[in-house]
Every structure is written in structure tokens, then in C-alpha cells.
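Below is one structure. I have some questions about it.
As written, the chains take the letters A, B, C, D, E and F, and residue 1 is the first residue of each chain.
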Amino acid sequence: MFFHKKELQYLSKPDRPDPVFARQLQEVLGGQFGEISVAMQYLFQGWNVRGNGKYKDLLMDTGTEELAHIEMLATMIARLLEGAPVGDLEKAAQDPVIGAILGGMNVQHTIVSGLGAMPVDSMGNKWNAGYIAASGNLLADFRANLNAESQGRLQVVRLYESTNDRGVKDMLSWLIARDTMHQNQWIAAIKELEAKENVVVPSTFPKELEKQEVSYVLFNFSEGEKSATGRWASGTSMDGLGTFQYVQQPEAYGGKPNLNPAPFYIHNTLPKNLRPSSHTLPPSHM
Amino acid sequence: MFFHKKELQYLSKPDRPDPVFARQLQEVLGGQFGEISVAMQYLFQGWNVRGNGKYKDLLMDTGTEELAHIEMLATMIARLLEGAPVGDLEKAAQDPVIGAILGGMNVQHTIVSGLGAMPVDSMGNKWNAGYIAASGNLLADFRANLNAESQGRLQVVRLYESTNDRGVKDMLSWLIARDTMHQNQWIAAIKELEAKENVVVPSTFPKELEKQEVSYVLFNFSEGEKSATGRWASGTSMDGLGTFQYVQQPEAYGGKPNLNPAPFYIHNTLPKNLRPSSHTLPPSHM
Amino acid sequence: MFFHKKELQYLSKPDRPDPVFARQLQEVLGGQFGEISVAMQYLFQGWNVRGNGKYKDLLMDTGTEELAHIEMLATMIARLLEGAPVGDLEKAAQDPVIGAILGGMNVQHTIVSGLGAMPVDSMGNKWNAGYIAASGNLLADFRANLNAESQGRLQVVRLYESTNDRGVKDMLSWLIARDTMHQNQWIAAIKELEAKENVVVPSTFPKELEKQEVSYVLFNFSEGEKSATGRWASGTSMDGLGTFQYVQQPEAYGGKPNLNPAPFYIHNTLPKNLRPSSHTLPPSHM
Amino acid sequence: MFFHKKELQYLSKPDRPDPVFARQLQEVLGGQFGEISVAMQYLFQGWNVRGNGKYKDLLMDTGTEELAHIEMLATMIARLLEGAPVGDLEKAAQDPVIGAILGGMNVQHTIVSGLGAMPVDSMGNKWNAGYIAASGNLLADFRANLNAESQGRLQVVRLYESTNDRGVKDMLSWLIARDTMHQNQWIAAIKELEAKENVVVPSTFPKELEKQEVSYVLFNFSEGEKSATGRWASGTSMDGLGTFQYVQQPEAYGGKPNLNPAPFYIHNTLPKNLRPSSHTLPPSHM
Amino acid sequence: MFFHKKELQYLSKPDRPDPVFARQLQEVLGGQFGEISVAMQYLFQGWNVRGNGKYKDLLMDTGTEELAHIEMLATMIARLLEGAPVGDLEKAAQDPVIGAILGGMNVQHTIVSGLGAMPVDSMGNKWNAGYIAASGNLLADFRANLNAESQGRLQVVRLYESTNDRGVKDMLSWLIARDTMHQNQWIAAIKELEAKENVVVPSTFPKELEKQEVSYVLFNFSEGEKSATGRWASGTSMDGLGTFQYVQQPEAYGGKPNLNPAPFYIHNTLPKNLRPSSHTLPPSHM
Amino acid sequence: MFFHKKELQYLSKPDRPDPVFARQLQEVLGGQFGEISVAMQYLFQGWNVRGNGKYKDLLMDTGTEELAHIEMLATMIARLLEGAPVGDLEKAAQDPVIGAILGGMNVQHTIVSGLGAMPVDSMGNKWNAGYIAASGNLLADFRANLNAESQGRLQVVRLYESTNDRGVKDMLSWLIARDTMHQNQWIAAIKELEAKENVVVPSTFPKELEKQEVSYVLFNFSEGEKSATGRWASGTSMDGLGTFQYVQQPEAYGGKPNLNPAPFYIHNTLPKNLRPSSHTLPPSHM
């Protein structure tokens, strides 16, 4: 169950409106690695935890905080939109600032949301649940989380570089710091699980059931052998259970596939010299 | 530029058709963490690498291999579909196997693809590019890759548990082994970059520009304090640059937001006692 | 800012696992009118309110409650999934219950989420933000809310009819009651705004700027005149500002459109007798 | 069955081309609440009506009219696109009008549709059927319709404010008037059904089966009590069957959920001290 | 402008309900090549025609007929759904017919649409406008139309093979015949345009501006030379303007790409030995 | 199995950066008819071919080449992005070129991909598998391919007209030439199959099972009879098996549909005078 406090977690006030930046800021609200994504990802992971109370608590703590970040960004975007112009192109174009705004803003911010934030990214793509992961395997999922926080912090930093508004920069410096923490915490949790389970997910699948002769092999499928010089091409594998090998000329072990023709009632193109005879006809043809 | 060899990388032949399993197997072909996703993710990351030849080569090697895995799965699915029935429900239901097949298969495998594999997941969702990440920051992206290989191997393992077909299990054991390698290789590459850059992405953002007082703080937003017992709540932070802290009662630093009313021409609901007067009317009203 | 309490708002425990019903229940969690939709819709409306504190508070109260409903449903689904089988079709089909389960469940519940709830609907479509509305005009938005609660309660009732599990029915009776309240509250808020603004949204657009001769006319575009007998075809209009009329044979006022040919550099099919001459060629052709 | 008349329902001719406005106008053609949405929504509702001829006729009348509105908008957009420039950025930027056009238009209007209208919104999102509702319950669906006409008229009005083109304004004034009618007609139909069935959808679910103690309760989940002052917090409920109550400190009735561990063959992270033993292994491991 | 006649274009009545077939039939209503797709594709092409009255009329004739086909299918699906069961799995599974139905039907047909047709395909994917094409070039678009009618008739034929219901088969035989006509008509229109313009779209692009040395070359990118034996590998090209050639070992003409490093403020991984110096820092760092 | 060569198939180097054109060029990389679409379409068709080695080889040759085209475009886009600015709007607007760039570029090219190409179209829509077709019927699929190459070449030509950059034009002239070949080759393959099978897909469905009286009829559903003057309205049909007819006033053969009411437990609006009685109540109501 959740409770809401009207106060924001941190200040969210720009020095001045900037509808073009409002559109850009949508990326970290409603984009692939925005705050909606991390909130939903952590909460679903948390709700689906079976046992493992410490991790569940961490997921719920962090997922709940991300709801507050959605709120901060929604507020900031609504404020950045305050000066959003509408109006006639010819007139607009006389003022290059207005022309640039009309060109660069998300026009749904006026037509659809009435100067409000939207659950979309910076190109107007609607947020969708294909962005998130919650598998029930915590090591896999914490890696999803570390990835999300890495991509997310990178995007916030790029947005920080794109504005001179001190109010916006102040809020972004909060989000950047929180992403520093979140990367740190998922790394800590990952280390703990890796120490218990070793590094390959899932750790519970019996080693002898995988095709072990290719478990530590780098196949050189792209001409040029620079990849042979990497750590991943020789030495002990990272899980400590094998030795990396580099195969310069990968072979094909599977032979040429030859599929059987489809039954007549599928009406595919039949191979040459194969025409339907009455005994293959379905009942409807008789 | 690419070249294709007709032979498959590994055997891809089931003992017998099984249209219901064909549908399930689509998950690791066209699902969020299926082979299309990793192929596209590695290739786009590779094409976008600026300098860094060793990593580019590794990405192109692996992305190109994943194309071969799409091919193996497509072939296997086409073969599993060979016995796909069509037909009348009442008749079908007299044979519980056929009833279960009609219920459990992807009906587009007969109606749409004519017994061929499709770029969709096990529920029929079409593959889309919102599943992949390629940011230009290699540490972020290798974490995306490690996540994809972790989720992917987990799914292949679950599919391995769901069938008794030895031909299918044989092919899956190949994919599981390759995912073992791919997890190992991304871990190796991540370690290398973390050693150079430290662990927080992006490492190039000046520390003093983030709100450092909250860079290592765990806020207790979910009642209950189990998360306080984790490694992430005390001790040196994973990046070695701070000390984890646990805040039991997080405060709100941002105040209650109060948004200004929208201009009249947006036609939002206006706050009480605020009614339009003629000077706020846009030209079109005069 | 939000706080989470580990206790659920209401009991969420089935009598027994039922993976097929788990899939159906996803509809009201992650479907078009499920709990994710109403939570996101109310919260975005609330964050975007400009002034109007009473309505903002109501939106935040209700949006925050809906987060608790997502949680209840996620928990229930995780529990319904506990018995989810994996396994071989032939064996499965020997037991008609298992055959029906494999056919009728969401197979991603095993392969992808590891027996956890997902942000998808009952057919596996991922939740997306195209389901929600937040326009800044509260009368419009409260109508969106009333619609969502009407469609949502209808779906929960249909699910109630589809199970005999007393634990599930108990939880659904809670959700049905809450939807009763939410329909009532949005009706109350709508009545209040309609009393102030009249019923047509937006009320702030000057009457004289619309084509008033067709503001209260029902055009008979579908042969047959049953619709002429309705309240909407005669008498005073619902806004009290006009009189409903019924037009039996609607006329076309717009003439036949005749579009100008596209410039040559668009490479559309040109109308007969219109072939490019040199003076229409773009620079690149010279 | 349908018949088409080449004449437009109303004039659809701009004073001059304006590719930037063409893109904005797409919102009410192919957006969430655009004409494609209402046409499809009313037609599907109409086709699915079981009995209830008067309502079916009204739905088919209105759905068919909306097809004419799609046509008017498509024509208008094609005409607004007539001057769409292509060309080199540096040259373009010398003329601020052209620079603003290239920035602000939907570039697919030249590259993809060859100066034609598209079934997309103002940000280029493709129309999808997740925008519409047709539930078989007419009171629910008429509320969906009233919502769609409210959001739609609001958007058309905002577009009216954004242009000085008299031809465009003339056409929009037609659409605004028709939306006035459509809001009026759905209100009339809603009133009629509410009078018969009372206001809560579906009205056919037995009152005693819902958890009646919370059917009229407003829970204060967002700190601050402004919502307590609304009509929805006290007095007789809108359906006349209860009394609104306000609960200042909502309790949790559901306890802490505790999910059972997943079976071993799901390969989730297992809770501490729970390690697989041979008797839980699936057959494939033996 | 459109008019609707309540009578269906052709009979649409099954012998008996069959909810599983109802779900399958959705493919040709709301799938990629279903009736919604062709209706929208032809209407948008028609509305966007600039001049060329004969083709515009043909498009509007056919697009309007497809609306009638949507209607026939919607009606048929609603009738097939009449016996759709709800209910408890265990009870259901005692009757294998009901078990198969619950497994094989679209569960949204009960929960969401209340036994009505939906704008979705047979796997429940919502129809979206990414399925259609309207480019302004009629030869390109008529090829899109011929493709759509070919894929569509194939799917209807496969559905015909999948049922024994005479009422359904009767309606499908109508749709199959209409698709015969539609394939014939688009072929006729294509032939006419090809005779005028030659076969390569767009025909208006100056031959000398394309890299003519590879305009008629088949590159052997897939090992094995069976494709060398086809008509496309030797002889005069189909446009009569060149001679087909077969290149057994395709060369790479483009060199190895080497991308410049990104500016510092993008925070990508920098190539080795390239570290930021102060003069590349953006203003925000100073 | 695939191999990658680092060299590009053809040169891919612009004269100078142009982030606005980079965004436009995305259309033919990740749009509906871009290179990802044709690569995936041909490869899936090829993998699903059953027998028919010559066609399979052609599909694999061409699909593999398209991978090289994705690569060329990705490289070109990365290079066009090199000068992408970030920064403050007010400063930007002082320089109209920068203003136009900020307005006209895909902002995700900086925020998300770090100056790399993305699998999206020119409006930022993510590529999805709903764009492609692979039906198992080769005549149908080669028509899909001819359509894709026609739409694709048209788009590349339009992009060629939109730039003065000689490096870009040089690369586009390569792609245009390859599309010339690909249109030619699919036409050749289509002719061959049509000669064997006649022109209507699928050719294997027995003529006598379709409603032959309407197999060659053009119905005049759009007022005006220009379409009667086309080749499709009279003379022998294109398949040589019938005679085209034109029907000026199409009749309705299907009668008015009248759907039965839904069972009570669906909670639809019931027709007048039809109220539930106890014997229709489901068990849960008793």
C-alpha cells in the first residue's frame, strides 16, 4: 500500500520556461530508461520476490523513490512548458526563437496535454512495458537494474550538458547523485549474489547438460582479429570454470537444413514436381 | 558486409513435431531477450563504436554469431510446426492432444506464416526495437549485454526444462553454452572498463557537479528495515569514493509544487476566481 | 513523494493455484482499463493540475490507492501461478486439466517472469501509455476517469463470474466496491464542474465561433430511422442552448476535392498530360 | 454496407499551404482522440450491439459521419502540404521560414506519403486500436464516447487557436460544432440509461456481492485533506444507495504477502537455506 | 462522405457458435492483411490521389467495399461468440470441449468486448497503422495493394480449410471471390501503369543518376549458386534497359569505416589515449 | 551461418555533418520499408522456404546484402551526426542554423544513442516486425518484396532530392541502383511463378469453392463512374478465367443482422423487456 506526500523529494523549478527542453526532458521521464521504467521495473521485481526479504525491501525502497522522481520530472516539465507558444507560422518565423520553439517542441504538449508532462519519451513514443524486466531470478534482474541506472544516468548527464538553466541543472544534479547511489547499490547486491552463486545466470542449471565444448569459445565471425587480443579470448574464464579459447575460422556443425513440404491445405508454394493428389486433400475439397 | 553459409552453426532438428513448443520457442527468437534482440543490439553497438577497435571487433563477432542463432531457431520452429493441425473444434476436442494443440499453439503459425517461424515472442507480440540499447558508452552497453545474456540464458534453460524432445534439448544445450560464453565475455569487458574508469557510468561527469550529499544514501521508502542490513547500507561504497548511509525517515526537500495557470487559449480548467478577461484573449477571438 | 507499507490494502490469497485464471486476471492489472492505467492516469492528471487544490488532492488520493491495487493483483497473480506446470505436450495431454492449462495460460508466466505478474493484459499485450488521458481540462479528464472506472468495473465483474475460487472472489468484491466509489466520486466531480461550466467541453470556446447551424443536428447517415426516436433527435439540447434536429437526408456541403499535382521532386504519379519539363526539375538534376 | 459520395461533408480548403500546421492537424485525424478513433469506436460498438435498435442506429449514424470527417481532414492536410519544401539545410537556414518548416513538419509527409495525410498523430505515432473501447455495455461505452468527444473537441479548439488561416478555421468551426452535437447526444443517451439502470456500471451485478463497507469511502492516501471538502466525501452517494465517508488514515487490511518459493525448474533465486535436493529435480536432470 | 445501409453485403451466419474459430477469424478482420488494413489503405490512397480520377474512383470503390467486409466479419465473429463459456477451470477440464475452448479462445472476447468482435488479430495484437502504405506513387501503391490481396486471400483460404461450418464457409467463399477480383483489378491497373512508365518505381528518376554498373547485378552473398540458374541472373533485365549479371564473389567497395570520436559532452567511451582537456569542456564545466 | 567483413559494401561518407538529414535518413534504415525491413523479410522468407532451392538461395543472397545496407546507412548516419550541437535554446536561436538543427534533428541521437544510428524511422518510431511478411507462399511473398523495393526506392529517391551533399548522394545512388536490381529480380521471379500457377494467390484453391458470380465484378461503391472506364471493368480478366463486369448499383445480399442477446453473466446492456430471471443466473449469484 502507498501513501503520498504533497512535497516533492527535491526542488523542481526552472529559472525560466523552455518548451524545447521540456520535450527533451521527457526522455528521462517516459523513455526506455526513464523514471517510469525503473519505478515499474523495481516494483514488479519486488512484488514478485518469493522469500528473500532483504532484496524485496531494497526493491520496494527504490521503486517507491522512483515514483517521486517521476513526480519531480512531471512538475519540472509542466513549469518548463509555461511559455509554450501557439500560433501562426509566418508570424512565428519572424522571431527566430519562436520559430525554433515551434519546430523543436513536442506539439502534443499544447494540443493534447494542455502544458502538462506526458508518459512519453523525447520523440513522443508512448511508454510501454516492453522496456522493463522482472524474471524472478534476482541476479539477472539486478543486472537489468544496473543497466537501467547506467543508461539513465548517462542520459541525465547529457541533458545536464544541454541546458544553462540553473534550476534545471540543480534538479538534474540530484537525479545524477541518486543514480550514483543506485548503481552502487545494485553492484553491491550483484557482488553478493555472484559470491554465492558464481557469475553465470542461472547458476542452478547443471553444467554437464550444456554443450561444454563451446562454453568458453570466442568465434571469429567478423573478419579481423582484434578481438583475439582481449581478456575474453584467453586465460581462465570469469566464472573460473573454464579456459577462454579463440577460434579463428568457425565451422558450421549443423548441415544444410532441408524442410519438408507443407501439407496441401496450407497452400504454400510446393516444391517442383510435387503436386497435390486426392489423398492429401482435406475434407472440404471433396 | 556479410556473407551467408547455408550450413547451420549447429544441429537444429527435433525428434518430432510439436506446434505448442514451437510457439514457446518463439520467445527466445523474437522476444524481448531473444536472438533478434541480441543480434541487433550488438550490431548497432558495433556500427556506432567510435575508435576502440578491440571492442568493435568483439561486438561484430558476437552480433554476427547471433544471426546464426536466429537461423537455427527459425529452422527448429519450422520443423516443430510440421504436424500443425487445422480443423474443426468438435472433431479436435475428441482427441485431447489435438484439442491441446489447437489451444496452445500460435494460430498465426498456420494462418499467417504457413508453418514458418515468425519475428514474434511466445505470446505473439511482434519484435520491436524498444527492446535494445546502444548508447555509445561501452560500459553502459556491456551491462545491457550482460543483462540480455542473463535473461536470455534463463529463458532457454526454462524451455529446456519444458520439453523431453532430445533433438530440441540438444540444440538448446548449444545455445545455453554459448550464453555461458557471452556472459563470461561481457563480464571480462566490463571488468576491464571498470578498472580504467571506476564503476559509475558515465565516469566522465565531474563528481563535484552532482548533489554529493545523496550520492551514497539509501532512503527507507518502504516501511520495514530489512534493507538496512545489506551491504549497500553501510561501509565504503562500491566505487570507493563514499560511505553508504541509511536514512530511516526520508524527508521531502522540494516543497509543495504550485503550478501557474495555463494561458486562456489552452482551454484548461481555470482555478477558481480566475476568469478570462478580454486582454488575455488571443487574436482569433476578436 | 511516496511511502510504501508492506501490508496489502486487502487480502489477496486464492484458495488454490489456477494459472489460466492468472492469465485472465492480468486484464485488470495491465490491460487498457486495468489498474496501471488508472494509477498512471490519475497521477499524471494530478501532477499537471494548475491550481484547483481540491481536485488535485482527490486525484492524488485515488491515484495512490490504485498503486495499492496493482500490488494486490500482482500478489494474487503470483499466487495463482504457483502450480504452473512445464512439460511435455504428450504427457500433458494425457491429463486434460494439464492440457487445458498449457493451452490456456500465458506461457511467458513461466518462461519470462518466473511465476510472477507482468505489466500485460490477458492476451499478453504490453501495457502502453496510449491507454491514458490527461488533458489539463478537468471536466474532460473526469469523464475519461468515469469511463475507465466503468469499463474497469465491468471487467472485474466478468472475471468474478468466471471463477469459483472464494479467495479470488473475495478480493474481486473489494475491487468492485472501490470501483463503485470511484464511479460515484467522478460523477460528483463532473456534476460540480458541469454546474459551473455547462456540459460541453471546453466551455470556454466562444459559441459564436462554431458553425452553430449544425451544433444540434443529428444526421441520418445510416439508413433506417430508429435513431430519430431518441431524446437526442428532438427537444431542447442537453446544454440548454439549442434544439435538437433530425436531418433525414444529409447533404454534402464541401464539393468534390481536387488536389493539385505534387511537385516533380516528390516522384508521385503525375496526372495524365502532365509531364515534367526542365524548369520544374530540382537542382540535383542539372 | 457503405456507399461513398465524392463530395465532402464540408469545405476543406486552406488559404495557403502550411506544412507545420499539417503536422499538428494530424492529431485530430490519427491521434488517440482523433477521427479514426471515434469512427472505429462507434462502428465497432454498433456492429456489436445485441438488440437495442435505437442505440445501434445512433452509433451507425455517427460512426459513418466520422468517416466523412477523416476524409475532410485528410483533404485539408494534403492541401496544407502543397508547399512542403525539400532541400539542403544550409540553404534552408538562410530563410528562417524554411528553417522553421523543415524543423517543424512531419518529415514523413515528404519522404513517405508524398504530400498526403497519414493515419498518425502529430508526433508521428501510428494509430492503433488500443485507443478505442467497445465493451457491449452501452452505458460504459457511451461514457467512452462522451470522453472521446470531450477530449477531441478540446484538441480541435486548441488547433483553432493555433492558426490564422481562415479556410482552416472555417473547417475547424464545423468540426467543433459537430462535437458539440456529439457531446450532447451521448449525454442524452447516458441520461436515459442512467435513469433505467442507475449510475454505476454494470448495474446488473448484485449489490450484496460487493464489499459494501468500502463502496462509498474516500481514502486519504495523499497527505493533505482538501479532498475532504468535496461533494464526494460526505452526503448521499450519487447512486443514492449509500453515504459518502472520508477516512483520514486508511488502514491496510491485507497483511504482508509472503509468496512461496518457485519450483526448482523455474530457476529463480531461491530463498536462503533452500537448496534443491534430488527429489525436486525434473526428469531432465536425471 | 459516406452512407451506411443496415443490410450486410453478404450472408454472415454460422451454423453454430465456435469461440475458438472466432478468435482465428480475427486475423482477417484486424490482422496485418485483414479488412481494416485494406479499407484504410485504399481510402488513404484515394484521399491522397492528386488528379488521376479513374484511379481515385477505383480506390474509393474498393476501400468502401472493404468497410462492408469489416462489417460482415464483425457480425460473424459476434455470432460465433454466442456460446462462449466462462467458468472454473476444474469443471471446464472435465469436458474436453470446454477445456479446449477456454484454452483456444481470445479471452478478451468475454472480459473486454462482451462477446463482440475487436480490431485485433488472431493473437490479440491491436491493429495499427504501420500495416498500411500510401505513398502518392500509384504504381508503388498498387503493388502494395496486390500484395495485401494476395496475403489476405491466402489467409482466408487457410481459414476456409480450418472449419466445417457451412455458414462460415459460405461467407468465406464470398470473401475469397472478392479477393480474386481485387487481385485481378490491381494487376490490370499495374499493367497499365507499367506500360506507360516501365516497371521500376519511381520511373521519373533519371537513370544516369543511379550507380548503373550495379543496377542489374545479382551478388552471391549466400554460399551456393542455385540462384545463378534463375531468370534474374542472366539475359535482358525485366525493364529492358540492361542485362542481368551474376557476381560470384562480391567485393567490398567501401573500405573500413573509421568514425571520429564523439565530443566530450556526449560522455561516450573515448578511444584509448584520448582524454578530455579543458578546451573541449562545455561551458557548464567551468 | 553468417560472416562479417569489416569493409563496407560501398562508400558511406558525407561531405559534412548534417544532423537534420541524419534524422531523415533514418527512414530508409529503420522505417516501414527501410533496410531492416527488407533484410528481415527476405531472411525469414528464406529460412521458411520448404524445398524450392533456387528461390531460397535468391532470398538468402538478397537478405544478406540488405544487412550490408543497414551497415552502410548506420555508418553514414553516425558521420552525419558528428556536429550535433547540444545547448541552450536562447543561444541557439541567435544562430538560425543551430536553431533549425535543434528543431529538426532527432534529439535521441544525442540523448540516447550518443551520436549513433538507431533502429527507428525518421519520426522516431521504433522498428517493429509488423512491417514484414513471410507467408510460405512465394508468389504472395515476392509481391510483398516487389512492393517493399518500390516503396523503398521511392523513399531513397526523395531523400536524394533533399540534399546537396555529394557524399550522401553518391551512397544513395548505389542504393537506388540496387533497388533497381531488386525490383527487376522480384519481377522476374513473379513472372516465373505466375506462368506456372496463374496470377491469383493462392492458385491451389479450387475455383468451384469460391462464390464465382462475384469473382470478376467491380462494384460501384463510390458515386461517380470513372472507374467503369478502366481495364478492370470490362474484357477478359487478368487471370484469363472470367470476364470483368461493372455493377453500377451494388445490392446487399446479406440482410439486416440481428444478434442474440448476451448471456446475463456478461453484463452487457440487455435489450428492452429482457430482464434476468433466476434461471439464467450463474452459480455465483445463488
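Here, contacts are C-beta pairs under 8 Å (C-beta built on N, C-alpha and C of every residue); 3 or more make two chains touch, one makes a residue touch a chain.
Everything numeric in this text was worked out from a predicted model, so none of it was measured.
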{"item": "Contact-richer chain pair (by C-beta pairs counted) among A-F and B-D", "value": "A-F"}
{"item": "Chain pair equivalent in interface to B-C, over half of contacts matched, among D-E, A-B or D-F", "value": "D-F"}
{"item": "Chain centre separation in whole Å, for chain D relative to chain C (CA means)", "value": "7"}
{"item": "Separation of chain A from chain C, taking each centre as the mean of its C-alpha atoms, in whole Å", "value": "25"}
{"item": "Where chain C and chain E are represented by their mean Cα positions, the distance between them in whole Å", "value": "26"}
{"item": "For chain A, residues that touch 2 or more chains besides their own", "value": "1-9, 32, 48, 50, 55, 60-61, 63-64, 68, 75, 78, 86-87, 96, 99-100, 102-104, 110, 112, 114-115, 120, 123-126, 128, 130, 135-137, 139, 154, 157-158, 160-161, 164, 202, 205, 209, 221-222, 224, 250, 252, 254, 259-260, 262, 265-268, 282, 284"}
{"item": "Chain F residues touching chain A - in the complex, by the definition given at the top", "value": "1-6, 48-52, 55, 86-94, 96, 99-100, 102-104, 106-108, 110-112, 114, 120, 123-126, 135-139, 193, 202, 204-206, 209"}
{"item": "Residue ranges of chain D touching chain A (in the complex, touch as defined)", "value": "18, 20-21, 23-24, 27, 31-32, 96-97, 99-104, 121-125, 154-155, 158-159, 161-165, 221-224, 250, 252, 254, 258-262, 264, 266-272, 274, 276, 284-285"}
{"item": "Chain B-facing residues of chain D, complex", "value": "154, 157-158, 160-161, 164, 169, 265-267, 282-284"}
{"item": "Chain E contact footprint on chain D (complex, rising order)", "value": "1-9, 30, 40, 43-44, 47-48, 50, 60-61, 63-65, 67-68, 70-71, 74-75, 78, 112-120, 126-130, 132, 134-137"}
{"item": "Touch list for chain E against partner chain F, complex", "value": "5-12, 32-33, 46, 53-58, 60-65, 68, 72, 75, 78-79, 82, 86, 110, 114-115, 125, 128, 130-131, 133, 135, 137, 139-140, 143-144, 146-147, 150-151, 153-154, 157, 160, 173-174, 176-178, 180-181, 183-185, 187-189, 191-192, 199-202, 205, 209-222, 224-227, 229-232, 237-239, 242, 244, 250, 252-257, 259-260, 262, 265-268, 282"}
